[in-house]
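Two complexes come next, and they have one chain in common, subunit A, joined by subunit B in the first and subunit C in the second.
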Partner chain A sequence: MAQEHAAPIHGKDEGTTTGLSHRKMLMWAFLGSDCMFFGSLIATYLVYQGKSLEGPLPIDVFDIPVTSISTFVLLMSSMSMVLAYSALTKNNIKGFRIWMISTAIMGSTFIGFQVYEFSSFANHHVEIDCVSPGELTKYEQHIFDDGCSSGEAYAESHEGLKPQTNLFGTSFYTLTGFHGAHVTLGIVWLLSLLLLSFKKGVITPEKNLDVDLAALYWHFVDVVWIVIFTVVYLFGVFPGF
Partner chain B sequence: MLKLSWIGGATDAGWFGYAPLTSVAQNPGTGIDFWIISLQILGIASLAASFNFIVTVINMRAPGMTMMRLPLFTWMSFITAILLVLAFPVITVALIELTFDRYFMFNFFNVANGGSVVLWQHLFWVFGHPEVYILILPAMGIVSEVLPVFSKKPLFGYKTVVLAGIIIAFMGWMVWSHHMFTVGLGAVANAVFTITTMLIAVPTGIKVFNWLGTIWGGSIRFTTPMLFSLGFIAMFLMGGISGVMHAVSPSDAQQQDTYFIPAHLHYVLFGGAIMGILSGIFYWFPKYSGKMYSERQGKISFWLIMIGQNVTFFPMHFVGLDGMPRRIYTYADNMGWDFWNGVTTGGAFILVLGFLLVMDNIGRHWKNGEPAPSDPWDGRTLEWSISSPPPEYNFEEIPIVRSLDAWWETKQGEAHKEVPASGGSGNDGHGIHLPQPSYWPFVAAAGLFIAAYGVVFNDLLIPWALAAIGLTIGFVGVYAWSLEPINDPEEEDSTH
Partner chain C sequence: MSQELSAEEHTGHPTAGQYFRIAVILCAITAVEIGIFYLEVIGHWMIPILFILSASKFALVAMYYMHLKFDHNLFSYMFVGGFILAACVISFLLLLFGVYS
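Coming up: the complex of A and B.
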C-alpha cells in the first residue's frame, strides 16, 4: 500500500505532488468508498420502509429518548477525539491519552446501548388490556384482534423483532449492525494508538498522522450515525413516514 | 476460489445472480456460496489496488507532470480506479444481503415476506453498469496511446479525450436501468434511462472521432498493436451502434434476452476490450519483456482474430432478431437458426487458432526473442526513455516533465532537453525509494482464504470455527502489517 512514503509532518509533505500525505489521501478515498457502502445499506432500508407484511414496526419498538442519549454520547466522543488530537499537537501527551481513553469509553458506551437496544427489540413483548386498550398501533391492533376475540382479559405477544421477523428487522439489523461493527473497529484502532503512544517515538506531536487518520475515520462513522438516527429512528416514529 | 468450487457444485445462476435463483430453496448447493465469497475477496483486492492507483496518480507524479500531461492510459486507469472504489461497495452490500438471506434466513430477497427481487437487480446493475466501463476505459486508454505513436502525430484533441473519459465515467452511473427495461419499472423510468443511455453514446462518439482525427494524414505504420487498435475502433463502433439500438426501450423489449444482446456485448467487450488489451500486450511487449515478438506471426494472429470474431458474433445479430433466446443449449431443429449457429461455431474455431498464435508468439519470444531496443516504436511517452526491460526502480533520476508526450519532445528539440531532477523531486541525493518487502500481506490473504472456506463449509466439525480461525489470521496479518515500521527514506539505498 502507500505507506512507504509516510509523511513525517502531514500537510508539509514535500515529497508528494499535492503536498498532502499519501496515507491521508488514501483515507479519504476509502471514506468515499465507505459512503457508497452505507449508501447502499440505507437505500435498501428506505426501499423496504413500510413494506413489512407484519409487525413489529419502528413505531412499536423504537425508544427515541434512549437512542437520543446514545447518539449524544457518540457525538460527544467526536468532540473528545478532536481534543485528543489537539492535545497531541500541543505536546500534551497526558491530555492526549486521557481524551483517547474517554473517546474509546464513549464509543463503547454507544455499543453497549446498541446491544441493549438489539436485545430489547428482539424480546419486545406486548400486553394489551382487552377492556380499555387505549390508542393502538397497527401491530398492537393486530394482536388485539387476534387475542381479544377469544374472550380473554389480556392479549399478548412475545414474538419480538428479529432479523427474520419482517423486512424492517432484516434491513434495520443489517444497517445498524454494520455501523456498530465500524464503531467497534474504531475502538480497537483508538486503543491500539493509545498503547502505541507508550512506545517511544511512535506517536509524537510531529508524527501525528496515525491519530489524524483514526480521527477522520471516527468522525466519518459519527456522521453516518447522524444520518441513520434521522432517517431510521426519527422518520420511523414520525407520523406520515 | 471459484475454480475450486467445482468440488461441491459450481455456481449456476449466471453472472448477474438474479434473485430468487440464488435463494437456498432454488439453489441449495455450495456453488452460490463460493460465488459470493470469491466476489467479496475480489472486491477487497480491487479496492486495495484502486486506492493505490488513485493515490499514486494524484500524489506521486514526477515534477512537471500535471494532470493534463498524463499519458492517456494512466488517465483512463485513474478513472477506472475511481469507478471501482465507488461501484464495488454496492455489490458488496448486495452480496452481504444475499449471504444473510442464505445463511440466516433474512428477508431481503424473500418474496414470501415482502422482499423484492427487483432490489437485487437494481443493486447489481448500479455496480454492474459502471463495471462495463471499468472494462472498456483502460482499453480506450491503450488505443489512445498506440494510435499517435504509429501515426507519428500527437493525439487529436487530448483534452477532449480526457474529458470524454470523465463524462463516460460520470454518466455510467445514470444508465443502469437500461438492463431492466422489461422488468416493468414504468414508462417514466424507461424513458429517462433511454435518454441517458443514448446520451452516453455522445462522449464515446467524441473519442472515436478523435481517434480518427489522430490517424488522419499521419504516416501510419501497420504494426500488430496498431492493427489491433484499428480493429478496436471498427468493432467497438459496431457494438456501440447496436448498443444505441437497444437503448431505445421499445426496441429493447424485442431484443431483451435474445442473441442480439450477446452480439452487442461481444462487439463491445471482445471487439472492444479484448482487442484493446491485445493491442497493449503487443505494444508494451518489448518494454516489459525486453524482447521483440514476431511481427509476421502477430499480423497473422490479428487477421485470424478479426475475421474469427466477425464470423462468430455477427450471425448472432441475425438469429437474435429472429427471436433466438439467450442462455439455451439446444433448440428445436425447425427454427431456421441452424445455418447461422453453424457459422458461429466455425468462427469460434478461427478465434481459437488466432489466440493460440498470440500465446505462442508471446511465450516463445519472451524466452528466445531478439533483444528489444529501449525505444523500438519511436515512442512518445517516458517509458520508452528507459531500457527494456526497465530496471526494478524504473527511473534512475526522476525526469522533469515539460510537456505532453515528453519523450517525443525531448527527442525532437534541444530546447526541451531533459534535466536530471535534483531538488524538487523530494528524493534528491537519496536515490530511488522502494517499499520494503513484507510477508504480512500474504498472511492476511491466506487468512481470508481460510475464512472463505470456513464460511462456505460452516458446519465442518465445530460450526464456524474455521471461519473464525481464518478471520483471526487475516486480522493478525493486517494488524502486523500496519504496525511494521514505515521505512525511513533517510536510510534507504538506491536499489534495495
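Coming up: the complex of A and C.
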C-alpha cells in the first residue's frame, strides 16, 4: 500500500526555465481559458432564465432522476480515469487499458443520456384533460386555455423544445451541447491513447504525460458538469430561482 | 492510513484507495443534493445549500483527481485565475442585465 503509486511529478526537473513541463502548463492555461468559455455560456443561460415568452420551460421538460443518473456516470468515469493513470504509473498496462476502456464507455453512456434527453425535449408532447386538468405549469395552463376553450375533451401540443423555440432552448442547447462536444472529444482522445498503448514504447510508466494531460481534460469536463447540473438542472426547476 | 499518507508524501499523488474513497464522497454529496432538491421544507435555503455542495464536489475533483493539491502552485494559479475570471464574468453579466434586481 505504501508504494502503491510511484507517479513522477511532472513539472519538476523538466529542463525548462520554470522547471515545469511546458505541455502541462499549456494544458492548465487552456483549462483556465475554458473556464471563461463555459462561464460566459452559463452567464448567458442565467441572464435569459425566465425571459422566455413561450414554453416549454425547464419545469416542463427536465427529468431530474434521469439527469442524476448521467451525472453519477460521469463522476464514476472521473474515478475510472484517475485509476487508469494510477495503474499506468505502477506499470500495470493491463489495468490501464481496462480503466481507459471503462472511462470511454462511461463517457459514451453520458453522451447516450444526452442524446436521449435532447430528443425527448425536441419531441416533448403535452396532453391535458380539459375536464380534470390537475395541477398545471404556466406552459400547460397556456395550452389548456387555448385548447379547452372550444369545448374539446383534450388539449394537446407537439411543439417540443428546439434551439429556435425560445430563449431557454437556445441557451440550454448551446451550453449543454458544447459540454457534450467536449465529452465527445475526450472520448476520442482516450480511445486514441488506448490504441497508442498497444504500440511499444509510446505509453509507458515513465512517459505518462500524454495520459496525465488527457486525464486533466477529462476531469475538467466533469467539474464543468458538476456546475451545470446544479445551476441549470436543479436551480432550473426550483420555483424560487 | 499513515502508510498511505507516507506514500502520498513520497510520490505526490494519492493512492488508488484514496481515489476510491473520494469517489464515494462525491456520490454521497450528489445523493444529498438530489435528496435536498425534493425536500420542499428547505425553501429558499436550497440555493445556498446546493451551491456549497456543488462547490465541495468541484474542489474535491480539482484538488485530488486533477492533483492540484499535490502539483506545483503555478498550475493552481493558472486554473483558479481562469475560474475567478469566469465567476466575475457571470456575476457582472447578471448585475448588468438586472437579474439581481
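Please note the rule applied: the second predicted complex is superposed on the first by the 229 of 241 C-alpha atoms of A that agree within 3 Å, B and C clash if a C-alpha of one lies under 4 Å from a C-alpha of the other, contacts with A are read in each partner's own complex, and residues count from 1 in each chain.
We adopt the following convention: contacts are C-beta pairs under 8 Å (C-beta built on N, C-alpha and C of every residue); 3 or more make two chains touch, one makes a residue touch a chain.
Note that the structure is predicted; figures quoted are calculated from it, not measured.
*Asks:* With both complexes superposed on chain A, which partner does A:Thr16 reach: first (subunit B), second (subunit C), both or neither?
*Replies:* It touches subunit B, and subunit C stays clear.
*Asks:* What is the contact status of A:Met79 with respect to subunit B (first) and subunit C (second): first, second, both, or neither?
*Replies:* Once the two structures are laid over each other on A, A:Met79 reaches subunit C alone.
*Asks:* More subunit A residues touched by subunit B or by subunit C?
*Replies:* C
*Asks:* When the two structures are overlaid on chain A, which partner does A:Ala181 contact: first (subunit B), second (subunit C), both, or neither?
*Replies:* In the superposition, A:Ala181 contacts neither subunit B nor subunit C.
*Asks:* Given the touch rule stated above, what does A:Ser40 touch, subunit B (first), subunit C (second), both, or neither?
*Replies:* Touch status of A:Ser40: both partners.
*Asks:* Would you check which partner chain A:Thr170 touches, where first means subunit B only, second means subunit C only, and both and neither mean what they say?
*Replies:* Only subunit B; A:Thr170 stays clear of subunit C.
*Asks:* Going by the contact rule set out at the top, does A:Leu53 touch subunit B (first), subunit C (second), both, or neither?
*Replies:* The answer is first: A:Leu53 touches subunit B but not subunit C.
*Asks:* Give one of first, second, both or neither to describe whether A:Val227 is in contact with subunit B, with subunit C, with both, or with none.
*Replies:* A:Val227 sits against subunit C, while subunit B stays out of touch.
*Asks:* Where does A:Met25 make contact in the superposed view: on subunit B (first), on subunit C (second), on both, or on neither?
*Replies:* A:Met25 contacts both subunit B and subunit C.
*Asks:* Both subunit B and subunit C touch subunit A; at which residues?
*Replies:* 1-6, 18, 20, 25, 29, 32-34, 36, 39-40, 44, 47
*Asks:* Can you name the residues of subunit A that touch subunit B in the complex?
*Replies:* Listed in rising order, the residues are 1-6, 14-18, 20, 22, 25-26, 29-30, 32-34, 36-37, 39-41, 44, 47-48, 51-53, 163-164, 166-167, 169-171, 174, 178, 192.
*Asks:* Once bound in the complex, which stretches of subunit B touch subunit A?
*Replies:* Its residues touching subunit A are 47-48, 50-52, 54-56, 58-61, 65, 85-90, 92-94, 96-97, 100, 104-108, 113-116, 119, 123, 126, 426-427, 433-436, 479, 482, 486-487, 489.
*Asks:* Show me the residue ranges of subunit A that touch subunit C in the complex, using the header's touch definition.
*Replies:* Touching subunit C from subunit A are residues 1-7, 9-12, 18, 20, 24-25, 28-29, 31-36, 38-40, 42-44, 46-47, 49, 64, 68, 71-72, 75-76, 78-79, 81-83, 86, 89, 215-216, 219-220, 222-223, 226-227, 229-231, 234-235, 238, 240-241.
*Asks:* State the interface residues of subunit C toward subunit A in the complex, per the touch definition above.
*Replies:* 3-4, 6-7, 10-17, 19-20, 22-23, 26-27, 30, 33-34, 37, 43-44, 46-47, 50-51, 53-54, 57-58, 61-62, 65-66, 70-72, 74-75, 78-79, 81-83, 85-87, 89-90, 93-94, 97, 99
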